[in-house]
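In the two complexes below, chain A is the common chain; its partner is chain B in one and chain C in the other.
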Partner chain A sequence: MSEHGLPPKSSIKRWLVTTNHKDIGILYILTSLFFLIFGGTLALLIRLQLWTSGEFILSGSAFGQAVTAHGLVMVFFFLSPFAFGFANYIVPLQIGADDLAFPRLNALSYWLYLFAGLLFLISFFQGGSLEAGWTMYAPLNLPTYMPNPGASTVVGALLMFVASVTVSTINFVVTIHQMKADGLSLWNLPMFTWSILLTVWMMLIAFAALGAALLILGADHVLDTVYFTEVEGGSLLWAHLFWFFGHPEVYIVFFPALGVMLETFQTFTGRRLIGRKWVILAMILVTLQSFLVWMHHMFLTTINLEIKTLMMAMTIGISLPFDLIVFAMIYTLIKGRIRWTTPFLFNFGALVLFIIGGITGVFLGAIVLDYEFRGTYWVVAHFHYVMVAGGTALFGGLYYWWPKITGKMYDEYLGKMHFGAYFVGFNLLYFAMFMSWEMPRRVFTYHTGFEAYNQMATIGGFILGASFLIMFYNFYQSWYRGPVADGNPWEYSRTAEWATDSPPPLENWEGIPNYEKGFLEFVDRPEGLTDGGHGEDHHDRHPDHASIWPLTISLTTFIGLAGLMLWGEHIVYNTLFIVGLFATLVAAVGFAREDFYAPMPDWGARWPFEGIHKNKFGMWIFLASDIVIFGAFIGAYIFIRWGYGWEAWQTIPPEALPGLVNTFVLLTSSFTVILALVYAQRGNQKGLVASLIATFGLATLFLVIKSWEWNYLLPEAETLPEATIALFTFDWDPLIGTEGPALDASIQHSTYYVTTGLHAIHILIGMIALGYLAIRAYHGAYLDDEQPVENVGLYWHFVDIAWVFLFPLFYIL
Partner chain B sequence: MASIKFYFAIYVALLLLAVSKVVFMELLDYWAAVGGIMLSAAVKTGLIAGFYQHLVDEPRAVTWVVLMAVAAVLLLASAATFSIT
Partner chain C sequence: MRWASDRLAQVGEFVVPLSHAPGDEWRTQASVFEEIYFIFLALGTAVGIVVIGYMLYNGWKYSASKGTTELDDPPVLGELPRGEGGGKKLFLSFGISAVIVITLIVWSYSALIYAEQGPEEFEDNMVVEVEGYTFGWDFIYENGETSTNTLVVPEDHVVTLEVTSRDVWHTFGVTELRIKADSIPGQTATTWFIADEQGIYLAECFELCGAGHSFMEADVIVVSEETFEEMYDEFTETGSFPDPPDDLEER
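Now for the complex of A and B:
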């Protein structure tokens, strides 16, 4: 043990248990580069296939799987995690913090991401992976139309990835708002940190919508519900849910890259960003506007002309703040004196590529032009000019922060060679796609007139891929033989990460960063305090940096999801699910019971989130995400019912009474859980334990009534398979066989059981938390710190609020 | 932190509002009942979030975060439904 309980970097164990933000950042970067190689190899296979028209090296199914996996791997498992590798490493340094607000949750995010990627890879060995493109359009995303078993596993992998993103989002929102150095205002945050802050706010809403879409898709896969096969709007429902996430996702991927561009342009021109205030305002505007344009991806569907026209206008509108940002960057370059280093070259290249990508996107925002371009390689070219422009800036970021992360300098000559090959390869590859804009996408048969362009693109693809060999060789050389880099190798860098050693010590700073005088200085840590001068009540204790539970929870979740998504396919999958589920419960209790100290600075929580503890703040951020998930489920129900005919819809429960009784039960449980908080604050142990047990009992009563109701209703559904009825009537014997459960009776049944089922799962999770609190309260906990009781209460009240809307929608109206 | 009496008063109000949903359905025509029920649900949500979850005591920005999430789902549901109208 070398660093406060953390094994040395040479030990494998360190990388399994570390919660330190720099270690996690490195893990993110390395893992994302692995997925870059995997996704890039798939891309080269696609390009080889397209060397000539028709079947060549891939079958039709293999081509479909390669295209789908390439898109999903590059967008989800490479680009964003690569950016968040930097965010993990750099943001705490830029804001003067010792670590993120929730170090264990940070490790959990990483391990969930890694295991989600592994689950994705496993799908190829299960009789075929998903074949529906990265947009996973319905009904191609359903087993009925695309029966590869691995497709269900992909849905599980993406759900796990969404869980990783949600945990990460909560962490970064709380960290950036509550752990800034004293005197560092929001307005003066470095541009990279600003870009990450806006990215995580977008992620909070967008990924919750994707999570809801994937949960419903998962139900269609595992339970055979019929959301996305519904004739009246099933496919459109997927398109709405996906693109409500998908358009902001473009900015979620691009904003961190924009942050890197803004940082490097300042560093390598020696100029402060011109119009900095306006650039920040423009980025905030883009963040808001990103949620107002999603239907421009749906111009070729049957949505009405009024909404298409509105979306076209909004799309033109979103290009305006981007114009301002681009002009601010160009003007900064003009007014500064450029140092043509490798990081600058990559970021300058990214700006050029992004301008081309942005301009060609305007064509797609116009309804009439979109009709012509939508199904062609124009879209593929535009998309890659935008997304890979982001990747280009991030590679620049890797060169920029390499000396900080490793303490070594890379070779400039090799770096410039890499850029040259990269830029030539990129444009050969993607500009050829603009040239062949009349060629239909998603298929590998094309008119022979496009062959020259396709061969040009394939050559470009291989040059682009080969350019990374230079990069990896350069970093290999640097790591083993490169010259040592000091704390600040760049003459005009202006952000705090360059004010500490390269690489920084475990807790980043010798003194405490402070901006009260308007510039960065370090004040001495108070004597006698080992926690970094933080104001919490553990002054004699050093922060913790190691925990095995994030890895354990992720591994058990991986096992459980691998089983769940193919439940009923084989007894092995059923067993995996049950084992994974119980192991995850045990691991979650281990996580909760671990005494892990991660202090917050006294001065961190300032406007607009002053005076709220980080745990409660984190819970509210989580609840905001859950609001979107439940809201998307309810929105899906309203959408489907509207398409079906609102008043022609048959409500599933024949009587409202069981629902009304359950409403009273839940409202009463909300009252008892608030009583628990009151008793905890008054130091009344008996009252606290009794209130928690009462809440637990009411939750049990709710589920008993619910199961009685399902018991009563399910056999009424004539077409339901026996296994389904068995699942919901708690007769488990038929489920041990190979028949999977199914809910294929009707769309009314699907919406009712899935939505109230989601609510019931929330109740179950709440009961686990309440049971845990009750046992610990019985042993004397929470009388001097009622926060856990309050935070579980916040969750429980939210579950009650969800029912406030579910009851009328599914029982009365 | 308010008194138990206050929380109990909120609880009673929530029960009455729950009953009101069924009453609206019995007394009003369908679409008027829909409006009444949704209004009742909104008031219940406000009482739970405001006083049981203590949003009234938290920094106002927390309320804005919650409203931002609510606005997102209202936008998604309403615009998507309008698109097929």
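Now for the complex of A and C:
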């Protein structure tokens, strides 16, 4: 069978170059299971350590690293990617699409995720990893208090993970909004797809906030800025940034699991969901509210009673929609024909666990109780009951979709054994934690009296761990010897993924899925696909499914970040950074130049995003996350300055004039970039090239003024050329000398340089894109397709507008 | 069982004095916590059993293996998703659960106000600054002297703690007394307690603060009023507390 340039599945090469959503889904699932084993091993180490109350196998520092890595690995590198393995595989099938909107970006997300995980692993071999807990509270997360070099690497790994999530988010938002089959409106989306849609909208905002927090943390690590050591609010700043991300994150990991539960409850009861529209509305409500409760994680800090009360009210508010969802699932059982298959056992079990997790969460919502539970095993037990309930549902999902993905049936008996051991182990493990709730968490020795509970938990943990041996054995047997599963092995399934072969062909369908008559039909493909009348003329061309660039970019980024995070520790790291940086640039150009054809369907239910090209839509989504990043930086500045005393604060630039000039320079460049678009539309090549060059020139002028200003502020560099060279060769020594003002001189310096530096990096990236456009335009590109010019223009306007906010904040007020 | 009947008895008193007009009989944080915890636990367990029991019952009743139910309108592959009726029941149970949750939390709120404000009008309210550091606790008394890892207080007295940190984020907590406050650099969190029984209590750190977090403990020594006076005098003179009486119980 021709796979359109894609090597066969038996070839390793296929898995390195594939951009197909089903392949990527499988890669996600396999990789996440690897991290499950890693995180699980750490958990068992922790449990072994806690077998006795004395010291045992781990030192205090090793225990801290194990707890931290366990939390981060399980939440970031196992749970979410596991769910997104299914999202990758199933969502396009459920909406009747051939693939995601940006297949290459999808591959990029995967490889960024994998390499982020590898970077995390490397940190253990660099003289100690992070040991600040998965919440990474400041200032313990800084080298001053926790000098393990690997900790900086972890920050880099998490940043890379955020990049992966952002790329993936953009992809899913565009895909779900724009690639649904005809007649499949938003309202009609299957529940799993709904849950993923809401998840990615939350991720878009939450992960941008985490990204900003990590960028600032990274600056504190690499550039020695002093954000989080600032006594007037540094610690609280981190807590706010982290939990603004952290609370939605709870739903981000749980929603996909909820989606699986809602699907399997319907399939295995043979009933449709009770109160479907209310369930959807409840989920939308949770999505919105998730950003308004973060301070319930900070009840013991110094925030005042009014705010605590507000947060408490919001917290009750957000628990209520979940009540409704739970009852909807329970009522769906009634009058059904319930088949107790393995997927249903896991999902039913997940609901039981979630109910227990939810009830114990209400305890935490009552502030007086939270005061006592905070920092104890109550919290540990509660969030495992919630999050690992999510994991439970997802394991059910793995059994549910296994026949679809592999075309083979697994063994029911072994599946049920897995569930039995899992469920018993789970409750032994985590219920024991409730019973030992008076024990502080994250301790590696405790007072006698808790021993029985801890041993019960440890035994449960090992049973839970062992249950997975059954699962892996079952899947192994099934893969090699299992009976063949047909397209739809489950009675009463409804969603479209079951209406194609198991596994589905490369492009999923024979005909085109269509729901216009109220049920799924396949209509004939029109001759030659076009991309939705967006001006590309590719009749007869077949979509591409292979590209080497996503892997390459991720590898080079990995190298660069590994070097950057330990810049200055050793010449090796400096070299790695420089090599990685340039290689990434080259790879990015390779990616941009590759002629990769991924057409959008001509049809489909797209409301309310009908008339917008996918690239532009994607750019808007990206900018939305960038707005959150700048918002977080500006918020951090205001928060710190407020704590310091607004009036007592000295602005760093001694004069506003250079900044004012720069404002005009940028505004002019916004104008020239519009000119470029106009010329492109008119087919005027000279005008196009000239305006692109003009924009590039103005951007250069901006940076020259900026570096002059930096030089002027940083007396170590004697001359402007010296400062500029230092800036561009990343030789910070003349800039950050031992004397005089520098990034670490004061919190004022830190906020000023870091925030304007973030903006300058945006300018640099814009310049690379502009330069690339100019060269291509010179060779005749964009005259009949001005999309790229328009999208880069959008980005450029955004960078200009960001400056319009920064200028008054940092120069005038 | 003893524990439960004690709690129940407390709840009896509790219904009335929740409004706690200051000046009434003072209640320790511990007793406030115990009562609320007990109610939550009792109701939470009941709700959990009812809901999960109901799930299991339906799971059993409508199990396909029993073969009793026939689906009247079974879903078919490829149909557009739609919901099934049953909204009334859904909203009824949702309403009930909402009422339970809201009542519980709002009811606990009055106790929160009490816990937050503390018995302010109490005479000679004693204030101790608590400063966390890696890895220990300094207690700075009103006489300006510092005691490390030992907090001595008189029985039946309101003690206000002003908690801060010298380096990283810690959390000061004494489980038996049911008090806790974050110890954050640059911030001062306040809490209070009344210890109504003499003894040696254990203060621990509840926020990961580094390799020594597990060992970051202090003694909270509660002695009689007179003993405290004596000990405090010596503390003021010498800068360190003398040993407490031998017969104090560990709690």
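Operating definition for what follows: the second predicted complex is superposed on the first by the 772 of 813 C-alpha atoms of A that agree within 3 Å, B and C clash if a C-alpha of one lies under 4 Å from a C-alpha of the other, contacts with A are read in each partner's own complex, and residues count from 1 in each chain.
Methods note: a residue touches a chain if its C-beta (ideal position, glycine included) is under 8 Å from a C-beta of that chain, and two chains touch if they have at least 3 such contacts.
All figures in this text were calculated on a predicted structure; none of them were measured in a lab.
Of the two partner chains placed by superposition, A:Leu44 touches none, neither chain B nor chain C. In the superposition on chain A, A:Trp498 makes contact with chain C only, while chain B stays out of contact range. When the two complexes are overlaid on their common chain A, residue A:Leu794 makes contact with chain B while staying clear of chain C.
Touch criterion not met for A:Leu121: it reaches neither chain B nor chain C. Contact with both chain B and chain C is seen for A:Gly233 once the two complexes are overlaid on the shared chain.
Put chain B and chain C next to each other and count what each touches on chain A; the higher total goes to C.
Contacts of A:Thr302 after superposition on the shared chain: both chain B and chain C are touched. Look at A:Val424: by the touch rule set out above, it reaches neither chain B nor chain C. For the contact definition in use here, the residues of chain A common to its chain B contact set and its chain C contact set are 233, 236, 302, 643.
Chain B contributes residues 1, 4, 7-8, 10-11, 14-15, 18-19, 21-22, 25, 30, 33-34, 37-38, 41, 44-45, 48-49, 52-53, 58-62, 64-66, 68-70, 72-77, 79-85 to its touches with chain A in the complex. Residues 32-33, 36-37, 40, 44, 47-48, 51-52, 54-55, 58-59, 62-65, 69-71, 74-87, 89-90, 93-94, 97-98, 101-102, 104-105, 108-109, 111-113, 115-116, 134, 167-169, 171, 173, 175, 178-182, 184-189, 202, 204-215 of chain C touch chain A in their complex.
Those residues of chain A whose C-beta lies close enough to touch chain B in the complex are 204-205, 208-209, 233, 236-237, 240-241, 244, 291-292, 295, 298, 302-304, 307, 607-612, 616-617, 620-621, 623-625, 627-628, 630-632, 634-635, 638-639, 642-643, 647, 656, 660, 663-664, 667-668, 670-671, 674-675, 677-678, 681, 793-794, 797-798, 800-801, 804-805, 807-808, 812-813.
Residues of chain A touching chain C in their complex: 59-61, 63-64, 67, 131-133, 137-140, 145-146, 183-184, 188-191, 230-236, 266, 269-279, 300-302, 305, 309, 312, 316, 319-320, 323-324, 326-328, 330-340, 348, 351-352, 355-356, 359-360, 362-363, 365-369, 371-372, 374-376, 438, 440-447, 488, 492-496, 498-499, 515, 518-521, 643.
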